[in-house]
Every structure is written in C-alpha cells, then in structure tokens.
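Following this message is one structure expressed as structure tokens.
A, B and C label the chains in the order they appear, each numbered from 1.
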Amino acid sequence: MTVRSIRCLMFALALALTSLPVAAKESITIAAAADLKFAMDDIVTAFQQAHPADQVQVIYGSSGKFTTQIEQGAPFDLFFAADISYPQALAKAGLTASAPTPFGTGRIVLWSATEDARKLTLQDLAKPQFRRIAIANPEHAPYGVRAVQALKAAGVWASVKPRLVYGENIGQTAQFVQSGNAQVGIIALALALNPAFAAKGGYAPIPDTLYDPLVQGFVITRRAAHDPLAAAFARFIDAPVAQAILRRYGFAGAH
Amino acid sequence: MLLTADDLAALWLTLKLAATVTVLLFALGTPLAWWLARSRSRWAHPVAAIVALPLVLPPTVLGFYLLVAFGPHGPVGGITQALGLGLLAFTFPGLVLASMLYSLPFVVQPLRHAFEAIGERPLEVAATLRAGPLDRFFTVVLPLARRGFVTAGVLGFAHTVGEFGVVLMIGGNIPRSTRVLSVQIYDHVEALEYAQAHALAGGLLLFSFVVLLAVYAGQPQRRSF
Amino acid sequence: MTDGIRVRLALRHEGFALDVDLALPGRGVSALFGPSGCGKTSCLRAIAGLDRVAGGFVAVDGEVWQDDSRRLFLPPHRRAVGYVFQEPSLFAHLSVQGNLDYGLRRAARPHALDAAGVVAMLGLEALLPREPAALSGGERQRVAIARALLGQPRLLLMDEPLAALDAARKAEILPYLSRLHDSLAIPLLYVSHALDEVAQLADQLVLLGGPHGVHSGPLAPMLARLDLAAAFADDPGVVIETTVGAHDDEDHLSRLDFDGGALFVARRPEALGQHLRYRIHARDVSLALDRPQASSILNVLPARVIAMAATDTPALLLVRLQAGATPLLARISRRSWKALQLAPGSAVWVQIKSAALLDGQNAIHVNTGCAAGGVAGR
C-alpha cells in the first residue's frame, strides 16, 4: 500500500465521520414508577415510531428513590411518579422545568399467582390460609400507603399485619407473589393487567372508596429544561395513542 | 435519641442473625474447610469453586435463585413444605440459610488457609503419639488454627452484618424478623429520613472499621484471606 | 517368631522399587543406611503406619501391626511406636512440658520409662517451661526424642534426627543418643545417610539401595565386608570394640586392648576397664612386610591378608585383613600390592597413621558396658 493510497483512505474516513452527525440523534432518560412498567414500555414503543432516530431509555423503580436521586443530581430528564406528591416536592425545591402534571389514576388490586383471586375480598385476607401477604413498603412506596389504608378501612389490618411482607417497590411486591413465596398480594392494577401476570391466578379490584386516589404525575426535570425531545415526549402523553395505552392498563379517569 | 425503637429492633435482629450464622458456619465450615485443605479428590476443585461463588456473584443472583428455590415450586420450598415447615422466604430461618450461603467463603477460606498452613507433620507426630483422629483435631489442629478461627468468625459475622442485596430480595422487610440494619438504612434513605440514616450508617461504618482493624492487627505476618 | 522386629515391605513408587525383608533384634540400635532417596524414610513411615504399603507385614515383639494377608492394618495411633522426624516438629502451641505431657498422657502401655529419668537423660530440666520457639535446633530435637520416648513405645524410630542440624548441634546431641543406646531397653531403628552417626550408634546395620539389594547384619562384620564396601562410598573402614587397658600420663597416652592387639591413643578420660568403640578408616591403614624398626608410627599390629577387592579408583585396592579375631580394612595402591607380592594368606604388619588415633576424633562411642542410668527397663 502506497503513502498516497493511505492518504486517500484517511480522507475518505474523515469525510465519512464528519458527515455522520448531521442527523444528530437525541436521547432522553426517563425515571418511571414500577407500576408503569408495562404501560410505559408500550408508550415508548409508540413514541419511537414517530421518532425512530431518537433514543428513549426508561428506568423503573420506586418513586421515593427517584426523588432522592433527582435531588442528588441524577441524570433523569422526565420523572413519572406513582404519586404526584413526589414531583410536587421536587417542584417546590426548584428542581423541575415543568409543572407536575397528572396523567392517570393508579388502582390497587388483590392478586395471587397460586390460586384464583377473582372472587377474593379484603375480608378474605383474615383467613389463615394466606400465610404471607405482600404489599409495597408503606414507608416510601405510594402503593404501600394505599394498601395499608385499604386494609385498615376494611377492618382487617390487625389480623393481616403480622403476615405482611414488604416489597421495596410495587414491582418487587408483585414478584414476591409471582414466585409463590407470598400467597397473595396487593399490587397495582396496571401490573395485574399485563398478559404475563393475567395468565396466572387472576385479580380482584379493591374498591377505590377504601383509599386515597393514587394520582400519577410526571414532570420534566430542570436538567431537561431546553431539551426538545423531553418536551416532545411530555406532549405525547396527551396524544390519543398514549391515552389509549394508559386506559388499557387501568389508569383511566385522569384529568 | 437518634435511634427509634424500630432502629434498635433492626440492630438487635442484625446481631442475632450474624451470631446465629457465624455459629452455624463454624459447624458447617470447619469440616468443609478441613476437607478442602486435605482432600486430593477430583471434587475438591469444583467444591472450592462453588464455595467461593458468593465472592464474585452479585447478591441479586443468589437472592433471585433463593427466592425461586424457597418458593412452593422450588426444591427447597418443596422440602420445607413436605416437612410442615412452610416456606422459608420472609422468615428468620430463611434469612439465616441465605446468609450462610452468602458468608460461607468468608468463613471457609480463612479456615482452609489456616489448616493448610499447619501441614501434615504435626498430625503425623500426634498420630505416632497415639492421638486418634478426633483427638488430633481437638488437641493439635484447633489450637494451631486458632488465629484462622478468629479471622473466620470475625469476617463471617461482619459480612453477615453488612449483607443487603440477598436480604432485600428474600427478606420481605418484616420488622423484628427480617428487617436488618442495612435494609433499615435503605428505608430511611428512601423515606428521605437522612438523620436516621446517618446515625445507623455511621455506626455501621465505625463497626466495620474496628472489626477489620482487629483482624489486621491480629495477623502476625502478612497473610491474605 | 515372637521377639524382635519383622518387616516385609514391597515399596513401589514411580520408577522406584524396593523389597525389604528384615528380621531385627528386639534390642539395640539398628541403622538403616543408604544414599538419599533409596527408600529409608519410606520404610520407616510404613513401619509406623504413616503410609500404607500394600502387601506389607510388620510385627514388633510378636504384636502384629500390619498383615495384609489377613487384612490387618493398625493406624499409627494404635501402634506402640515412637517416631522422631528429621525436623523436631514440636507442637508450637505447647511448652516443652506440654509437648512431653502430650506423649506421656497417651502412653502406649504402663510407664516403663519414668518422665524424670528421660528428662534427666536428655538434659531437659531447665527447658521444661520454655516455648519451642525459644529453643535451639539441638534442644528441640532432644525434646522431640524425649516426647517420643515418653509415649512408652515398643519400638523407637528415628528418621535422620541429626540431618537438619549443623556440625556443632550434631556434636551437642550425639552424646545424648549414645546414652540412649546404652540405657534403652527397646529397639531403635535409626535412619541415616551419615556413616559416622551409624558407626557410633548402631549395633545392627541394614544397607539399603546398594547395587546388591538389601543386606543386614551386626555392624562390625558388615563394615568389614569387601563386597559391600561400595556402599560406604569413599570412606570404608571398620569399628573395633576395645577396653581401656592402661593410661600413661607422662606421654599422655592410653592403651586400648582388643582381640588382635592393642592401640595407643591420646589419653582417654575413661577409667580402666571401660569399653570404647573405635573407628579405623581404611585410608589411615598401610601395610609392610617387615616390622618397621625405625618409624614414628606408634601403632603397628601383625595381621593376615584375607582378601582384596578393586575400588572405584583404579589405582587403589581395598584389602581385608584379620588381626586376631578382629577384621581390618586397608586402602593401598595397586602398585604396592604388586610390589609387596601380597596374596590372601600373606602375613603383614599393619600400620595405623598416628594422627588418626591421637587427635581423639575416632573415639566414637563410650560404652558404659552396663545398663546404668535411670531409663533402663521394659
């Protein structure tokens, strides 16, 4: 290979490299509460059909943990919480670029992977056959707080409490039930509706009169204040496609 | 007072768990380490590798498999149910079992090294002085491996105190039963109770430092474990 | 056979085979002698039961320890055996007293050897409270020997107990071993590749690893055998048992009588009538046809040529002689053999180099002649 041909090659390479970033890809990272797992996956898939070149990354966890992490400067562009009070707290601290926006209402259900839960009521939980009952940790998980409210309102709190096990978030709570280590659990309707879970056991809704509404809310964080993709995703939540997905997963009756 | 009743319960539970695990690991780890140190069996290497697995595996792997194994369809769950013991997940015994697996290498490795350092000769001497196998173990091996036992006990205890991932995955966070100190700290942080988290986390930091200091200060010569 | 030691072993390692069939007396010191790697230690370990040799047979004093034809194999801790390893191997976690007690507490039989006597014989009184780490190499080995003895064995095995020690430590411990030899009522199997130790201590000699297989027999005749001389490398020689016959304080000499004449050596401290074992190297012995008249050589003995053998060095021959009932070996040149026209039966005068006997180096064993001391008995 001659010096000249190497030079030609380098030139071609340089040309190729400089021409690539013209269609610059954008990317955003979303922190989403664990109850949104399946709904948000579908929404992102729908969103990417309109934005095929852009990257949308979603991380699922507990709303409390994400709040702490955003306070400490975590690189999340949007935050979808299971309880709008978390984004509101961030807004109060001046860490957001948009007003906290409600996008749906979460519901809790009784779910079991090992037996038919469709006819279960909260009163049934008093029966000793349910040796372990999984709920999310009420100290920092919104679904856990609602589960405790419902159990108390149903008058079974005292008999159920010694048999409770606490998931770190609603996702882990569902996983305790799915593995059969807890016979029944109080989980998000959105999770019980996903096909993999629905194939097992079945679920029974818990009357929403027994607990405070779980207003789901999202916010654009301060670091994404001027990020067009973050703004586009926020707008997309209002789009009929996204709303249909949210309805399908039981987040109906938002706003 | 910075520590709440729940914090103190978590602290007590953690100490109880670590002590139980350490005692049981001595009973299980001593013969295992002895076998590993002496055996020329072709199984010695695979067994040594399995014992060391928790050193390299993320706790989530162990936690996940334990959760599956403890479940009603898992092998352990099948046995415990057949024995009328119910399921092990979310119970103190389940936590003990999981912690034993997780801390096993921290007990077995120092013991194994201590046994290997003794060598064959003192045992042969004892045998020619008419000490039988058990006699040899208690009058020669134990005293000569004393330092290894101290290291193993301290590390096994401290590592159990410091365990988080496995407990989080199979513990179910039950106060006074499976909510240990590390989980309590995590909960405080999640609930944005930083002052409480500081009190516990700082104490644990100090504890771990003192323990390691004691281990290193107790080593007469440089030895790795 | 109910007395003594019977050992039949077929040792097999990779590229190594040694068949041993020994019948040794139930008293005194039997030395297993041979070059490194000839199987001495393997043999000792098999006798103690530390290694299991297939098809072996071991019996001591009529007590069978191993008989594979009957599938009998006693583990080491069921054998009344004492074992002294090359390295002292004291228990580091026990004091000297603790080490001794370890053996004593697990004694194989009623205490035939009393602890105080053993401690005194090995000079350990002052060491009892010390830790092994604070002892010299020689002191440690003395403790190890005492520990083995206090286990009240029927058979004491020593595997090159001096090999790990320097010359000074060896010299320090040899007198203790000599005392042991004189006072011990149990047999001692002593492995060594050092001829001076063997010559000093052994009553019986077992040669291992020689070109002609395993040989065993009483020490003095074994050392004088021409056919085995190759086993002793470049230092063949004999031992003679003597009695102190006279002292001459003016010339600082002592006369040692033996069956075959008398030797003058540097003044000995022993009393008249004491037994003394002397080693005479073949290299120190020369031959003459006539009695030397004007010579500085002090020791001249009449003897008869018995046989001659070639050595590894072509210029040198080894000649076996007989002085009275005592065999001697001389190493002379091939030319001298021819010049003197020597042949079996020739009468010769044996001259022993004065320096060899006068510097005291060859007095190798002080035999008290009776089982005195506090450690006799069985």
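Going forward, a residue touches a chain if its C-beta (ideal position, glycine included) is under 8 Å from a C-beta of that chain, and two chains touch if they have at least 3 such contacts.
Only a predicted model underlies this, so the values are computations on that prediction, with no experimental measurement involved.
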Going by CA means, which chain is nearest the middle of everything shown? B
Farthest-lying chain, centroid of Cα atoms versus that of chain B: C
As a quick test, compute the distance in whole Å between the mean CA positions of chain A and chain C. 89
Please compute the C-alpha centroid of chain A, do the same for chain B, then give the distance between them in whole Å. 36
Averaging only over C-alpha atoms, locate the centres of chain B and chain C and give their separation in whole Å. 56
For the complex, which residues does chain C have touching chain B? 48-50, 75-83, 85, 87, 89, 91-93, 102-103, 106-108, 147-148, 151
Quick one: which bits of chain A touch chain B in the complex? Just the residue numbers, please. 62, 64-65, 67-68, 114, 131-132, 134, 137, 139-140, 164-168, 172, 175-176, 179-182
Okay, in this complex, where on chain B does chain A touch? 67-68, 70-73, 77, 86-87, 89-90, 168-170, 172-174, 178, 186-187, 189-192
Which of the residues in chain B come into contact with chain C in the complex? 121-122, 124-133, 135-136, 139-140, 143-144, 146
